[in-house]
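There are two complexes below, and they share subunit A, which is joined by subunit B in the first and by subunit C in the second.
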Partner chain A sequence: MAVVSDVIISLGVLATFYGLLALGMNIKYGFTGLLDFGHVGFYLVGAYTAALLVIEPDAGGPDTVYVVGLDLPWIVAVLVATVLAGVVGVFVALPTLRLREDYLAITVLGIAAIFQRIVQAESWLVNGPDALRGYTPPLIDLFPVTGGSPVGAAVMAVAGGAIWAGSTWALGRAMELEFDAGTGPGVTVAGRLHAVVTFGTDRLIGFENYRGGALVAGAIAAVVGGVLSFAAQDGFLAWAVVVSVFTWLVAFVWLTRYSSGFDAVDYLTTFALGAAYMGALAPMFFLETFQLWVPLTGLAFAVVIGVTVYLYSNWQRFAARPFGYGLFTGLWFGFIWYIPLQILSDVAAANWPSVASSIFGNVVWVLSLSGDVPEIGYPRFKLFLFGTLLLVALYLSELTIDSPFGRVLRAIRNDERVVNSLGKDPFMYKIMSMAIGSALAGLAGALAAMHFQVLVFTMFAPRVTFIALLMLFLGGVGNNRAMVVGAFLFWAFQTATTQLSGFVAPGLRENIQAFRFVVMGVLFLLLLYYRPQGLMGERAAAEAGSE
Partner chain B sequence: MIALGAIGLAMVYSIAEVPNFAHGDLLMMGAYTALLINTPGAVPLLDNLAEGAQEPTTAGLAVLFVLGTGATLGMFYALGGGEALRGSWWPVDAPDAVAVVVHLLAAAVVGVVSSLGATSFLAAMVFSGVVLAALAPIQERYVFRKFRQRDVSLAMMLVVSLAVAFVLRFGVQTIFGGTTRSYEIQSTVEVFGAEIKVAIVKFIDVYVSSSGVLVQITDPAEDVMLFNNLWSWPVFAVVLLASLAVGYAGYRYRLGTRAILGPYLLGTILALATFFAGALVLGASVSAPESALVDSRVRLSVLRLFIILLAIGMMGALHAALRATKLGKAMRATSDNRDLAQVRGINVDQVTMGVWVIAGLYAGIGGTALGFLFGALTITLGFFLLLPMFAAVILGGITIYGALLGSYVVGLSMEVGLFATGLDATYRVPMAFVVLILVLIAKPEGLTG
Partner chain C sequence: MSDAPLLEVENLQKSFGGITAVDGVSFELEAGKVTGLIGPNGAGKTTTFNLVSGFYKPDAGTIRFKGTDTQTLMRPAPVEQGVWASASAGFLGLIGAASGRVTYGVSPDVLAGGAVAGAAVGVGLYVGQNAINNRRGAYKHSRPFRLARQGMVRTFQITRELTEMTVLENLLLAPPDQTGEGPLNAIVRRGTIAEEEAQFRERAEEIIELLELDHLRDEEAGNLSGGQRKLLELGRVLMLDPDLVMLDEPVAGVNPALTDRIMEAITSMRDEGYGFCIVEHEMDVIMSLSDKIIAMAEGQKMAEGPPEEVQQDEQVLESYLGG
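And now, the complex of A and B:
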């Protein structure tokens, strides 16, 4: 049995705090036009601050030395780390912001390098070149939780309720878009589903007010989930299945929106393309000799990519909807990996119970089924926690950007002199932009500290800035939501290649891991050349401007 | 040492208008390319063609020959396509056939040197230089020129070069893996029958005392005094004055003319030559004084001395090329004003390619030298050099000659700063940046403006 939902969960966790990092970068570069190559410096400040605040005081052991351990709760640590990173951002910005853009980039890169060197060299500060460890993430003692216990019930109530509310909101949004397109309530799939998942309250509250309806539905779901989970382990499991299936349904509803206008030919083509990309990897799985599979895989990929490019430039259907085609090819690729590939060997061996449990485990992503008992493990809780923080940060950034303040930032990016002539001092706004962006990086750093539980100075190499930039350009410059997409895409690529390198002889693994950065760099160059505004581009100016 | 890299970076920055973050990785690539010559046995793929770490088979040598020859021709080709192969970049007009033959001969010589001279330091340098000189223009041709044609902003160019840096760095890592490599350094070299230990440091002691200036060079390994000279103050003053006078005379002689040897350069060279000549002739041999006002000791090995001389020689060559060749003139013009140069009929694309050739050549040679100096090669080697290089270039105000000055300022400040503050050697790179930031805040246009 191969349950890979855990892989997706860890992907999600990484993507959430890198999404925050990219969000900070977006505030700086995407909206204000400050190219901050030293973004990683604030990430570092946040991570080490948070770690030092929660770690217990140094007991004087020989292996770990650090300056101070305050043993504070995580919530304080995260807040302080965020604020401190913002303050550091201001101090870095004060001397450097007056420089030309290329000088600015190099100077802040230098400052980030200095931060890294300080951590490395000053062994009294945070254990020098060795790792800083010995602190535990919040609430980890409670996990994993199962049904039939108060903790399990509480977790299921909170997490289940929140997921329910979020999904219901997404569903309501889809429904609203359908209304705009001219359908009535309760007619479409989305509408009917909405009626079910709001437990009928949508008629009481009114369809227009789907945001409030989502909250109510979430509250009801929280109560139901809590009670069921408290009652028995089976109730816990059953409710998790319901929640998981609901999220899948919402995902399908949204997918049908993106695939509007798709017919069987389109679905088949994208499926064939996705399968072809997966098939191109086959030599890697089955051939042992490295001299054999490297050229074969390369050749297969060249062929598939060639076919894709050919279709894009010569086939009307593809050329008309490149976005939909790309999305679905990627989805099919992921889907083939997520379900069929995991059951392949069991099907071949006709081991049907194992096939069933694999599918079940992958579908019910809310629970971890890799152990003996279905449970909610710490990674899932972390995803929930980080995801919530990311959404909050995203919401606040959107508010900031849509406010008059945000409009000034965009004006600075477009033309500083205009801002000046309108009587606003661009310098102050830039400083504030740096503060906000750096604070977000600090928050990301604090979460990273929580996630990795070990901090080494090499984790804060300039490479991180590059990754943040890549996410920025991947998603869309000046588009906050796209940062999340960019982060997920990046980590999906990373996870996929990590999975792949598992099939390679250990001696070559390092080379493969380096090679994926080469691929990433080349893709980045292509992206910069052909689509410098990013996959999603900046959110339509009309939409932002009309508010 | 920074200077060799900084020159290339400054040229690319000022002429090609690319603030090239990939330059450090170019140096790193140069250092790794030299491995092909120095220790072919340690290079993946090539190790199939080698018997030991430093014993390539005939097939391996053939591969090296082909690579060396091909890279040399590629380098000439990059200077200006087929035209360049027929000698269009030469300072003198020569018949096509002569130029082609000369180029082919040069390529063959490089190939022979790379294969027959395998494992030697010089051959590695030459090989890595030409390979990089052939590779660097490819970046320009397929990446940077494309983006320049799109008129992207400088910030975007930075991002692009960062991506290129990633491709280069991890490309090398893909081939070589993440482990640290090192050169096999011969510790002795036979020159005219005499063995010279190249890797062993010599001490150069300078004492300034009431009786005069004393310079001693000792070989600590064998405890032999190699050079011992004292100049009493009057003699020292005479030598100093004489050199200043000769230098000034040289300056006056050339004043107002623009040539390879301009007034400043000629003056300086003459002054230095007089100084050393006078010093050698007039010195007297004594033992070290008991009390000295100032004494300092410089540790220098033959290898280091050679690298320093090489760097000076290469700077001289670049200077000559910039002043004497048509291409050099075009480069200077493009650096001053790209659009104007284009209007005046200069093929700026071609010039830019030439710049990348030189940048690659210098990066290859510089990278190899660096690898020999450090002894160990790591993937991040280039990146940590990049920061001081950028500091040097910006300090110099993004001009080629400014970059030279900037390199020395940065290099000195790194060492002096470390010494003065008593910090760990880890802070060497940050030190360069502190200088850079201070200068940028005080004088944002750089030292030479």
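And now, the complex of A and C:
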């Protein structure tokens, strides 16, 4: 039985805090034009600050030496780490911001390198070149939780309620867009589903107030889920199924919005393309000899890419909707991996119970079914926690950027002297931008410390900055929401290649791991060449395009 | 202070390398008057503009705006002083604590004492260097935005519009002291910001209409023609409601009908009491618009007076108007 929903969950966890890191970069570079190659330095500050705040005081053992351990709760640690990274950002900004773009980039790169070297060399500070470990992430003792217990009920109530509220909001938004297009309430799939998931309250509250309605629905769902989970393990399982299915339905509603105008031909073509990309990997699965599958896989990929490019440039349907075609090809590819591929060997062996449990486990993503009992494990809780923080940070960033403050930042990116001539001090704004961006990096660092449970100086190499920049360019410069997309795509690529390397001989595995950076570099070059504004483009443009 | 002229310039000097761009220029500008600045290319008009508006530091000479030396006006804002002083305090406080730790060991008293002493030294150092710099004659502040806040606003000869922002956004950027310019306010005081935005938007719409840019309201400024950019820059300045407007070639590349409109706008604003200083090569425009003309050549003032008088000046005729 292969339950790959766990893989997606761990991918999601990485994508959330890298998304925060990219969000910080976007505030600095995307909106203000400050090319901060030392972004990782603030990530480092956040990570080590959080770790030192939560770790227990050094007992004087010979293994681990660190300057101070405060044994504080994580919530304090995360807040302090965020604020301190912001303050360090100001300190770094004061001397460096007088420099022009490229000089600024090099200088802050140097400062980040200094931070990294300090951590590496000063053995009294955070255990020298060795790893700092010995702290535990928050609430880990409670997990995994199952039904029939107060903790399980509480977790299901909070997480289930929040997911329910979020999904209901997304559904309400889709419905609102349909209203704008001229349909009435309750007519479309989205409208009917909305009536069901709000437990009928949407008529009382009014469809226009779908935001408030989502909160009410979430609260009801929290109570229902809590009670069911407290009553029995079966109730816990049943409610998890309901929540999971609901999220899938919302995803389908939104996908139909993106595929508006698609007919059977379009669906089939994108499916064929997705299947073709998956099929291009087939030689890797079936052929043992490396001399055989490498050229074959390469050839297959060349053919499929060639076909894609040919269709894009010569076929009216594809050329008219490159976004929809790209999205759906990718989705079909992911879908083929997520369900059919996982049950392939079981189907061949006619092991039907295993097929069923595999599908069930991947559909009911809220629960982990890898163990003996369906449960909510710590990774899922972490994804929920990080995801919530990311959404809050994203919302606040959007508010800030939509305000006159954001307007001044964009003006500075355009031409600093204009801002100066209009009576606004560009220097102060750049400092504020550095502070906010660095604080976001610090938050990402604190979450990384929580996630990895061990910190080594090598984790804070300049590479991290460039990964954040890659995510920035992948999503779209100056588009906060695209940062999440960029981070997710990056880690999806990483996860996919890691999964792939599982199929090859162990000796080759390292080659694949190294080779994927080459592939990534080539893809990045192509992206910069053909779509420098990123997949989603700058926000204003993205909105005009999709709605 | 109210008797003082709007702007007094005395013996202004600036050289770049071996070239003396401005060589001892003195003049006065009055509120409610339009002053034209003319002269051949390289006469030092734009340099004078940059010096007066604070974008260049003068080598010598004084500039007084509404009776106050612009060097005083351009001192760092209290906020900026606060940032530098606290950064200085923080940094030296850290050094103080660290040296306390190294010298006397880890007692909280020593650490706190070291930090406080360091912070005090830090603040002292910042305030001290600030005081010394303000007294030093040779020290020149350069914070043009401080002058703009006092009511002296300029445009640029080569237009500098914010190409990636729309015409409306360009204008909305200008109003001073917007509540939403603080990142925290942007989150917690959205109601106030929305009200303010509505007001600014109304004013911006008026200006857009005045400058006949209505059809381009949501166009990115980068897509505008040269003349339209000139208008946009003028509009941005008007959003600020300044006392002294310095325009560097406001009608270069603008069609005749719009030129008339701009001239009308300038004249009516002059009658409301605004002061203008305009560099312009269009002789018809500058002569009919100005109450006073200053003619420059080779970094020096050649003639000064009412337009009719300057037009008759032998030197001016010879070097510039091409007699």
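Convention: the second predicted complex is superposed on the first by the 540 of 547 C-alpha atoms of A that agree within 3 Å, B and C clash if a C-alpha of one lies under 4 Å from a C-alpha of the other, contacts with A are read in each partner's own complex, and residues count from 1 in each chain.
Note that in this section contacts are C-beta pairs under 8 Å (C-beta built on N, C-alpha and C of every residue); 3 or more make two chains touch, one makes a residue touch a chain.
This one's a predicted model, so the numbers in the text were calculated from it and none came from an experiment.
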item	value
Fit or clash between subunit C and subunit B when superposed on subunit A	fit
First (subunit B), second (subunit C), both or neither touched by A:Arg117	first
Contacts of A:Leu385 with subunit B and subunit C, given as first, second, both or neither	neither
A:Leu422 touches, of subunit B and subunit C: first, second, both or neither?	second
Inter-centroid angle subunit B-subunit A-subunit C after superposition on A [Cα, multiple of 10°]	70
Partner chain in contact with A:Leu331 - subunit B first, subunit C second, else both or neither	neither
Contacts of A:Asn511 with subunit B and subunit C, given as first, second, both or neither	first
Per-residue touch tally on subunit A - higher for subunit B or for subunit C	B
Touching partner for A:Leu469 - first (subunit B), second (subunit C), both, neither	first
Nearest-approach distance, in Å, of subunit C Cα atoms to those of subunit B in the combined model	14
Subunit A positions touched by subunit B in one structure and by subunit C in the second	none
Subunit C contact footprint on subunit A (complex, rising order)	87, 90-91, 94, 396, 399-400, 402-408, 410-411, 413-415, 417-428, 431-432, 436
Touching residues on subunit C, where the partner in the complex is subunit A	53, 55, 77, 79-80, 83-84, 87, 90-91, 143-146, 148-149, 153-156, 160-165, 169, 172-174, 176, 178-183, 185-187, 190, 193, 197, 236, 240
List of subunit A residues in touch with subunit B within their complex	29, 33, 35, 37, 95-96, 98-103, 105-107, 109-111, 113-114, 117-118, 120-121, 461-462, 466, 469, 473, 510-512, 514-515, 517-518, 520-522, 524-525, 528-529, 532
Touching residues on subunit B, where the partner in the complex is subunit A	19, 143, 146-147, 150, 152-156, 158-160, 162-164, 166-167, 169-171, 173-175, 177-178, 380, 383, 387, 390-391, 394, 423-424, 426-427, 429-430, 432-434, 436-437, 440-441, 444
